[in-house]
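What follows is a single structure, and I will ask about it in a moment.
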């Protein structure tokens, strides 16, 4: 069952700017920064990724800033399929989950059986979360049934692993498409819907995130199921992270302010959040020289 | 916001509330006493009477303000007349324009100070005074400054002459912005001005007087006389005033028409409203909900063009109303100086009592009331965002302007029905329509008898955009090229 | 051949496209200054006649304002054609009312010209007075004139045809419907203009014409709550004051042409149309 819900882009942009004008200070800021840390899917998705690089990233994920104890760890490490075993080993003894992209990420341009095979293999290798991409070509040519079926079958293949469905909103262009793809993915069994692969510009834009959050809200109102949201790509500052938390809080409510339902896919966000936390604690502005680069 | 707050299993996430984020007030300059601004100087009132301007959010006195009596108004009008005859109407229009540009720039430079003072004096949220009132006021001066030396192009086949002394009376809902709407076109067209700010919100107009001094405007071109309704009456009835521009209630507007009957004074009126905001089933629902919020809760509903009558197509009414209620729960009511405040204080005790009266009437008439569950501060004048359902056209709350954060909701089935209901009012200031269908937008905007129609948006303003009403919502337009007409004679 | 006895015309009100006697049964006795004609009994239109005429005008408004501008122009051009065909009638009515032959010829010629002039404006004034406003946000914003609604018109007393048309035509070309009180001193041409209207394509109720006593009706014309504007010509400031006070009742737009000379060049122009127009501004988001 799909809504034919349309989105007015200008109105949605205005809502975003009103949400983003919230001023988050003092305790609420510290709390938000910690929440953001706990919601990060620390990501490396490059052709040049190596076991060494992934191990460094996992170490960082587990020891975000050893000098400042009491900070939460990130939610997950997000890697390519062949790096799943490396990450699994590196994260033994932590609560950090291993997420793997799959389904011929980032393009998704292969047949369904290959996609299913890939999904099963990463789950077998220990991935607890699977980030798939939808078939945008099919979606844009109007074959929504194909897209929905594909998501449903991949959801089956995931077994107990959580499925995040990447819409690649930068290729869908209009908010009406974003809305429709969100509805489609949720009805087909997505546990999370996710904006982007990070390989297409624009990645997560505020108005796209808002549109997806509103779709999640309507899905919840209609079905009672809470679907998670993951903006990814282009989110590198603590300020952006806080703005998205405000958006989640005022669109979906406090219930979604948990890593179970909200993630941010990012590679460099964690450091900026750490710098802000230290600044809040110590009072002076920080330099990136004092924060590890991994 | 959906569902209930916080569940159990997460580690970090808890109830996340926003900490106080007050705008600082240490940079503003306010005197404890303000005199009348006449002939370029702050002047003591002849009878020496002053009244308090109160912060409606905490009921404290902000400053004492002079009350202008008849002699003071006479003096101001005389100063305006002299400035008109000797200086302003003779001045090269391009030079007039430069003075107005100066005012615009000075407002921009002191924008934050003005925003804070506006918020203190009115009770409106700093978010609005900072992002809307003050920037728009500056933009109005900018827009009309440029017209000063281009008037020959404004009215095809005709040239313009200024009228003379304009008496201008402005309301308390957008004090500086309304002063800008009135003063900027009057000056650009070569008139001089005696402005009377509202009794409860005189401070930014008096701060504007400082700017007018700083801009070195010739004395008497702009005069500002503060006081209550009687000050306004002296101005309306003054024989040397050539034109009256009034923004306020329809009731007072009508008394001005009667007072001016038989005189040759020109007048323009921007009066009350009871706008219909119409939501069709094919509307972009989430944006429409946000639009409804903006249409009625902007500036605590103290907006003449507020979308105070909501008409929702039956098939989406349940969803819209339920989302509206959720959205209302996210509105933060409280300290107007807090940057996160959405709903500030009601402007005055009198206004609060009027709103309260209407709430009582609504309940007595058997309608269902819903108010958001916000904490009302102990001091000050406050009204929680309110909506009424189970309404019909014959309810008083549907017919009368409340001028507060009170929305009345009716449902409809067909387009003809809703057009008829929308027009079933003596007012005609504004209207809203929400639908994804372009042809329907044009149909509705053509058929609604009102001066401003917002399609898939609401409560938008711009200096280039004419604003004003049909029927009992007033006559004449402010803003845009149309806004020049009330201040010129064509020949 | 025996001289045929003159058949007298019965002069009636013109309301909702019908020639009606006043409901009051009252009359105004009138004879021409030279007493060449038998006595004429004009209808002394009443407040109830006016009320009925306003009802007719209100119900005609939506359809009339909804006609295409081109069509309204065509109809006014048709009215001019009909007046052209009845030139001799109007000339003789003017002469009968005491004007010279030369004055009468000029009045009728100017009157036809005036109608043709405004017929041409029907689809142009909107272009002249509409604007796209360059707002500083992503909206398409435009302003256009729209008719104000039902207009009560008290025609000038001393210019019974040209003056009558000069106040009525711009209002109606602009999409308003009117109830007009013809000149009390020179009632003939205003009243008989209904014959021209009746033989052209003006829908009933768009132009309603009454004869009657100015002093009796000015109060009604200015105080009726379903009249959106009043156009009148009161030289007497007392009368103007009555009208202006009454406009407060429903914030009626009031236009006083007082001592306008209807032969002067400034007696016509699009600004006269704009006196009974409202400016409507619409905002539409520009997005996807």
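Some observations on this one:
For clarity, chains are labelled A, B and C in written order, and residue numbers in each chain start from 1.
As a convention for this text, a residue touches a chain if its C-beta (ideal position, glycine included) is under 8 Å from a C-beta of that chain, and two chains touch if they have at least 3 such contacts.
Here the structure is a predicted model, which is why all the values come from computation and not from measurement.
Chain contact topology: the protein chains form a complete graph, every chain touching every other one.
With chains reduced to the mean position of their C-alpha atoms, the one farthest from chain A is C.
Overall, the chain located most centrally, as judged by its C-alpha mean against the mean of all protein C-alpha atoms, is B.
The distance from the centre of chain B to the centre of chain C, each centre being the mean of the chain's C-alpha atoms, comes to 38 Å.
Averaging C-alpha coordinates per chain places the centre of chain A 43 Å away from that of chain B. With centres defined as mean CA coordinates, chain C is found 70 Å away from chain A. Contact of a single residue of chain B with at least two other chains is seen at positions 456-457. Among the residues of chain C, those in touch with two or more other chains are 139, 285. Annotation for chain A: residues touching 2 or more other chains are 8, 10-11. On the side of chain A, the complex with chain B involves touching residues 5-8, 10-12, 14-15, 18, 21-29, 31-32, 34-35, 37-38, 72, 214, 217, 220-221, 226, 245, 249-255, 257-260. Chain contact summary for the complex, chain C toward chain A: residues 138-139, 285-288. Contact residues on chain A toward chain C in their complex (touch as defined above): 8-11, 13, 173-175. Contact residues of chain B toward chain A in the complex are 1-7, 9-21, 127, 131, 282, 284-288, 290-291, 322, 330, 339-340, 436, 456-457.
Residues 139, 155-158, 250, 253-255, 257-258, 260-262, 269, 271, 426, 441, 445, 449-457, 460, 462, 464-468, 470-475, 477, 480-482, 490 of chain B touch chain C in their complex.
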